[in-house]
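Next come two complexes built around subunit A: one with subunit B, the other with subunit C.
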Partner chain A sequence: MRKVEVAVVGAGPAGLTVASEIANRGGKVLILDENAKPGGQLFKQLHKFFGSSRHLAKERGFKIAQSLVQQAQEAGVEIWFDAIVIGIFEDRVLGVVHKGKLQKLQADRIVLATGASEKALAFPGWTLPGVMGAGAAQTMMNIHGILPGKRILMVGSGNVGLIVSYQLLQAGAKVEAVVEAAPKVGGYQVHADKIRRIGVPIYLSYTVKEAFGDSRVEGAILIQLDENGRPIAGTEREIAVDTVCLAVGLSPMAELTWVAGCQFTYINDLGGQVPLHNEAMATTVPGIYVAGDVAGIGEASSAIEEGRLAGIAIAADLGYLPNSEAEHLKEQTRKELDALRQGPVGGRVGQAKRALLDAHATYIARQAGREVKERAEATWTGSAPEAPRARAEVPSAERRAQGPVAVIECYEEIPCDPCEEACHQGAIFVGEPITSLPHLKAERCNGCGLCIPACPGLAIFVIDESYSEDEATIMLPYEFLPLPHKGMTVKALDLQGQLVGEARVLEVRNPKAYDCTPVIKIAVSKELSMTVRHIALDEPKERSTV
Partner chain B sequence: MRFAEHPILGTFPRGRKVTVLVDGQEVEAFEGEMIAFALHADGIKTLHWTAKRNEPRGIFCAIGHCTDCMMIVDGVPNVRACITPVREGMRIETQHGRGEWRKQNEKS
Partner chain C sequence: MDKEVVICRCEEVTRAQIEEAIERGLCTPRDIKQWTRAGMGLCQGCTCRSLICQIVAEKLALEVSEVSPLTFRPPVRHIKLKELAGLGGNDK
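Then we have the complex of A and B:
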C-alpha cells in the first residue's frame, strides 16, 4: 500500500490551493480527481469575479483556474486524474479506482475538497431530455462550445441562474424567461440587471408547472405562486422553449465525508447537510479536513481562502511551518474570508458559517464530557435579516451637463472593489470593508471610462450630456458578438430591455487590457441619457457555426 | 449546434475531427468532446430509455452523477456519456433499460 503525506480529493479551487500551500512548504501532496483535467468547475466560469483587487477581483474564473493549476504544478503537487475515491477506511486509508484499477493509499492527512452538486426540482416533465442543470448547460457551452438549446427557460434567479442566463445569451441562445419562486431576485442585482437590459424577463413568484414535449422539451407551463408558495390556478402561461435549465441551488458533495465518519449538521443557508469543522477546517475525524463547497456552499473565492486555511493548518501540523507564523497567516486568511462574507448574499453565508463553527465546538466539548449551554444549538436554519438597500448616488444634473462623468449603478453590498483601483483620478472610493458601496467624487471624474471594463458587475456607465445641443453620449460595456462598428445605427434599450429609441455608435474600444469587455460609445437624444443602458444590433448576423 | 466564435473565448478551440458510430449511423465529433455533448450538437438528445417505464432520458447533471446519460459504448453498457470522451471509431448505442454487454463483433 502506497503511503502519502497528504491526500487531497478534488482538484478544484479549494483542493488546488490546499495542495499548493502545503507543497510550497515542503509537504508531499497527491491530489485525486475523477475528471480528466484539473480546475473543477472554475474552467466554465467565464465572467469576471468580484473580490478585492489585491486578490482575484475582475479576473475571469477560467483564468483563475489556469493560475491555480500552474501554482500547484510549480509547487510540485502530484495529481492523478480519472481517480475516483470509492471509500475512506480506518487510519485514513483511501480506496481509489485510478484509470480503472483499484488501489489503496494510506495518508497522514486527508483533505476532502469535493465541491458541490446541483439540486434538482421535480415537476411533470422534469426528466425529459432538454431539462438539465444550469451547470450542465454551462459545461456544454463554455467547455465544449456547444449550444445547449436555442430557447431557454431558466428556473431560479440566484447568482447561478443569472450568470448562466447571461452566458447563454453570450453563446447565442435566447433566454425566454427566468422564473423565481420567491418574490424577489435571489442573486445580486447587478447580475440581474445584465440580463434584464437585454430584455430577459424575470418572473418573480413564478415557477415551472410542467415541461412538455414528445421525447424532448417543446415547451413549459409557468404558474404564479401566492405568498405561501402555493400555485394560483388560472395563472398558467405557456412558453415555447427547447431547454429548461434548473438553477435551484447546490448541495455539498459530501458522500466521502459521510463515509469517513465525520459529524454533520443541517444548515439551510449552506446547502443542507454540512460536515462540522473548526476554524482550521478540521472535521470531527482526526486528520481529515474539508475545504470549499463541501464545507458549505459559498463561491470560488472563499473556497480558495478556505483551502488556504486548511493548507496552512496542515503544513503547521506536519511541522513545515512554525506555529506562530501559521497563526499569523491563518488570521490574515480569516480576515479575507470575513471580507468576502458580507453584504446581502455573503452575509448569510458568513452567519451560517459561524453557526457551523459553534456546532463543531459544541460537539467537541460534549465529546470531552464538558457541560455545554444549549445556546449553541447544532442546527441553525434561519436567514440573516435583509440589509436595507443603500441608495446609489448619481452625479447631479449640473455635473452631467459639464462633461463626461461615471454613473455607478451598484446598489448592493458586494465584496468587490476593482473600480476603485481602476480609477487613475482617485474619483472612486470603496475603502473598508470592501462591501461598501462605491462612492464617486464627481468633481474628480474625467469620464475616461477605465472603470467600465473593470467592474465585474458591468454596472458602470459614462454619461456626457455636454456632447451637443440635443444629444448625449453614453459609454457602456458590451460583451456580445458581433460587435457594432463606428457609424452604425443601433437600437437603444433601457434597463428592462425595452426599445426606447435609436443610438449612433461613435466609438468601439476593445484593447487587450479590457479583457473582452468592449466599451461602446453611443450618441442618443439627450433626454435618454439616464435611460439607455444597452444596445441591440438591428439585424443580428447569424452566428457562425462549425 | 457548435459555435465558432465566442465573445470571451474567441475562436473556440477544437480537437481533431473524429467519426463515431451512433446506433450504426456515422456522426462527426471533435476529440476532447464528451459523448453526450457531441451527440447533442448533432441533435441527438435521447441517450437512454428507462427500464420500467421506457421513458427517454438525456443530459441532466453532466458531472457523471445522475446516470441519465448511460449508453452502451464499445459493447459496455451503463457508460456515463457525459464524462466519457469520444474516440475515433467508437461504437455508441442508445441504451434500453439496464443495457446489455455485447461481444466484440456483435452487431447492435
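Then we have the complex of A and C:
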C-alpha cells in the first residue's frame, strides 16, 4: 500500500491552496480529483471576481484557477486526475480508483476539499428534459460550448442564479424571468442590476409551481407566495420557456466526510449538514481536515483562505513550520477571512461559521466530559454586524455639469476594492475593511473611465453633462457581442431594461487591459444622463405572457 | 399538489409513496428508504436525499435539522466490479 504524507481530495480553490501551503514548506502532497482537469468549479466561471486587488480581484474565475494550479505545480504537488475516492477507512486509508484500478493509499493527514452539489426542487414536471441545475447549465455552456436552451426560467436569485442568468444572456439565450421565493433578491444587488438593465424581470415572492411539456419543457407555471411562503391560489401565471434552471442553493458534498466518521451539525445558512471543525479546519476525526464549500457553503475567496488555514496548521503539525510562525500566519489568515465575511451576504456566512466553531467546541468539551452550557442558537437577524455605513453618494448635479465624472452604483457591502486600485487620480477610496462602500472624491475624478472595466460588478458609469447644450455622454460597460460601432444609433435602456430613448455611439474602447469588458461611450439627451444604464442593438422584444 | 411528482428518479418513487410511508408510521429517511427504495438507486440519493428529509420534516411538523439524513457508506461513487475486484489482488 502506497503511503503519502498528505492526501487532498479535490483540486478546487481550497484543495489547491492547502496543497501549495504544505508543499511550499517541504511537505509531500498528493491531490486526488475525480475530474479530468484541476480547478474545481472555478474553471467554468467566466465573470470577474470580487475581492481584494492584492490578490484575486477582477480576475475572471478560470484565470484564478489557472494561477492556483500553476502555484501548486511549482510547489511540487502531485495531482492525479480521474481519481475517484470511494471511501476513507481506519488509519486514514483511502480507497482510490485511478486508471481503472482500485488502490489503497495511507495518508498521515487527509484534507477533504470536495466542494458542493446543487440542491434540487421537486415540482410536477421537474423530471422533464429541460429542467436542470443552474450549475449544470453553466457547465454545458462554458465548458462544453452548448447552449442549454433558448428561453430560460431561472429559479432562485442567489449569486449563482444571477451570474448564470447573465452568462446565458451573453451566450445568446433569452432569460424570460428569474423567480425568487423570498421577498428580496438573494445575491448581490450589482449582479441583479446587470441582468435587470438588460430587461430580465426578477419576480420576488414567486416560485415555479409546475413545468409542462410533452417530451420536454415547453413552459412553466409560476405562482406567488404569501409572507409565510405558501402559494396563493389564483396567482398562477404561465410562461413559455424551454429550459428551467434551478439555482436553489448548494449543499456541502460531504459523502467522504461522513464515511470518515466526522461529526456533523445542521446549519441552514451553510447549506444543511456540515462537518464540525475547529479554527484550523480540523474535523472531529484526528488527522482529517476540511476546507472550502464542504465545510459550509461560501465563495471561492474564502475557500482559498480556509485552504490556507488548513495548510498552515498541517505544515506546523508535520514539523515543516515553527508553531510560533504558524500561529502568526493563522491569525493573519483569519483576519482575511473575517474581512471577506462581512456585508449582507458574507455576514450571514460569517455568523453561521461562528456557530459551527461553537458546535465543534461544545462537542470536544462533551467528549472530554466537561459540562457545557447550552448556547442560545445563533440566528442571523439580517442586519450587518457593524453599524451601516453611508450609501455610496452620487456626484452633485453641479459637479456633473462641470465635466465627466464617475457614478458608482455600488450600494452593498461587498469585499471588493479594484476600483480604488484602478483610479490613478486617487479619487476612489475604499480603505478598511474591504467591505466598505467606495467613496468618490468627485473633485479629483477626471472621468477617465479606467474604473469601469475594473469593477467586477459592472457598477461604474462615467457621466458628462457638459458634452453639449442638449446632450450628455455616458460611458458604460458592455460585455455582449456583437459590439456596437462608432456612429451607430442604439436603444437606450434604464436600470429596469425599459426602453427610454435613443443613443448615439461615440466610442468603443476594448483594449487588452480591459480584459473583455468593453466600454462604450454614448450620447443621450441630457435629462437621461442618470437614467440610461445599458444599450441594446435591437429593440427589446415583447416579453412573454407573464 | 395533485400531479404525481417523482422524488427518487433512480427508483421512480413518488412523493405520494413517500407520504404514504410516513402515514404508515415510518419516520426517518432510513425507514422510508428501506420501505420504498427511495435513495437506494444508482445515484445513491445524490439528488433526493435532501428532498426526503424535507418531506419528512413537513409531514411530521419537524425542523429539517431534526431529521437525521440518510447515511453514506463506501463506495461513495459508482465503480465497476472489475475495479473493485482489483483491490484484493493488489493487497496480497
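One rule holds for everything that comes next: the second predicted complex is superposed on the first by the 523 of 546 C-alpha atoms of A that agree within 3 Å, B and C clash if a C-alpha of one lies under 4 Å from a C-alpha of the other, contacts with A are read in each partner's own complex, and residues count from 1 in each chain.
Heads up, the rule we're going with is that a contact is a pair of C-beta atoms (placed from the backbone, for glycine too) under 8 Å apart; a residue touches a chain by one contact, two chains touch by 3 or more.
Note that this is a predicted model, so its numbers are computed, not measured.
In the superposition on chain A, contact is made by A:Val259 with subunit C only, not with subunit B.
Using the contact criterion defined above for the overlaid structures, shared-chain residue A:Gly95 touches subunit C, although it does not reach subunit B. Of the two partner chains placed around the shared chain by superposition, neither subunit B nor subunit C is touched by A:Gln425. Residue contacts after overlaying the shared chain place A:Gln103 against subunit C, while subunit B stays out of touching range. In the superposition on chain A, contact is made by A:Gly135 with subunit B only, not with subunit C. Once the two complexes are laid over each other on the shared chain, residue contacts for A:Gln273 go to subunit C alone; subunit B is not touched. In the overlay built on the shared chain, the residue A:Lys119 is in contact with subunit C alone; subunit B does not reach it.
Using the contact criterion defined above for the overlaid structures, shared-chain residue A:Glu210 touches subunit C, although it does not reach subunit B.
Of the two partner chains, both subunit B and subunit C are touched by A:Thr127. 34, 117, 120, 127 are the residues of subunit A that lie in the contact sets of both subunit B and subunit C, per the superposition on chain A. Contact residues on subunit B toward subunit A in their complex (touch as defined above): 1-9, 12, 14, 32-34, 37-38, 40-41, 45-47, 55-65, 68, 82-83, 85. Listing the residues of subunit A that touch subunit B in their complex gives 34-36, 46, 60, 117-118, 120, 127-133, 135-136, 139-142, 144-148, 150, 170-172, 215-216, 479-481, 516, 543-546. Across the complex, subunit C is touched by residues 1, 34, 84-89, 95, 97, 100-104, 117, 119-120, 122-127, 210, 251, 255-256, 258-259, 266, 268, 272-273 of subunit A.
Listed in rising order, the residues of subunit C touching subunit A in the complex are 1, 3-7, 9, 15, 46-48, 50-51, 64-65, 69, 71-77, 79-80, 82-84, 86-87, 90-91.
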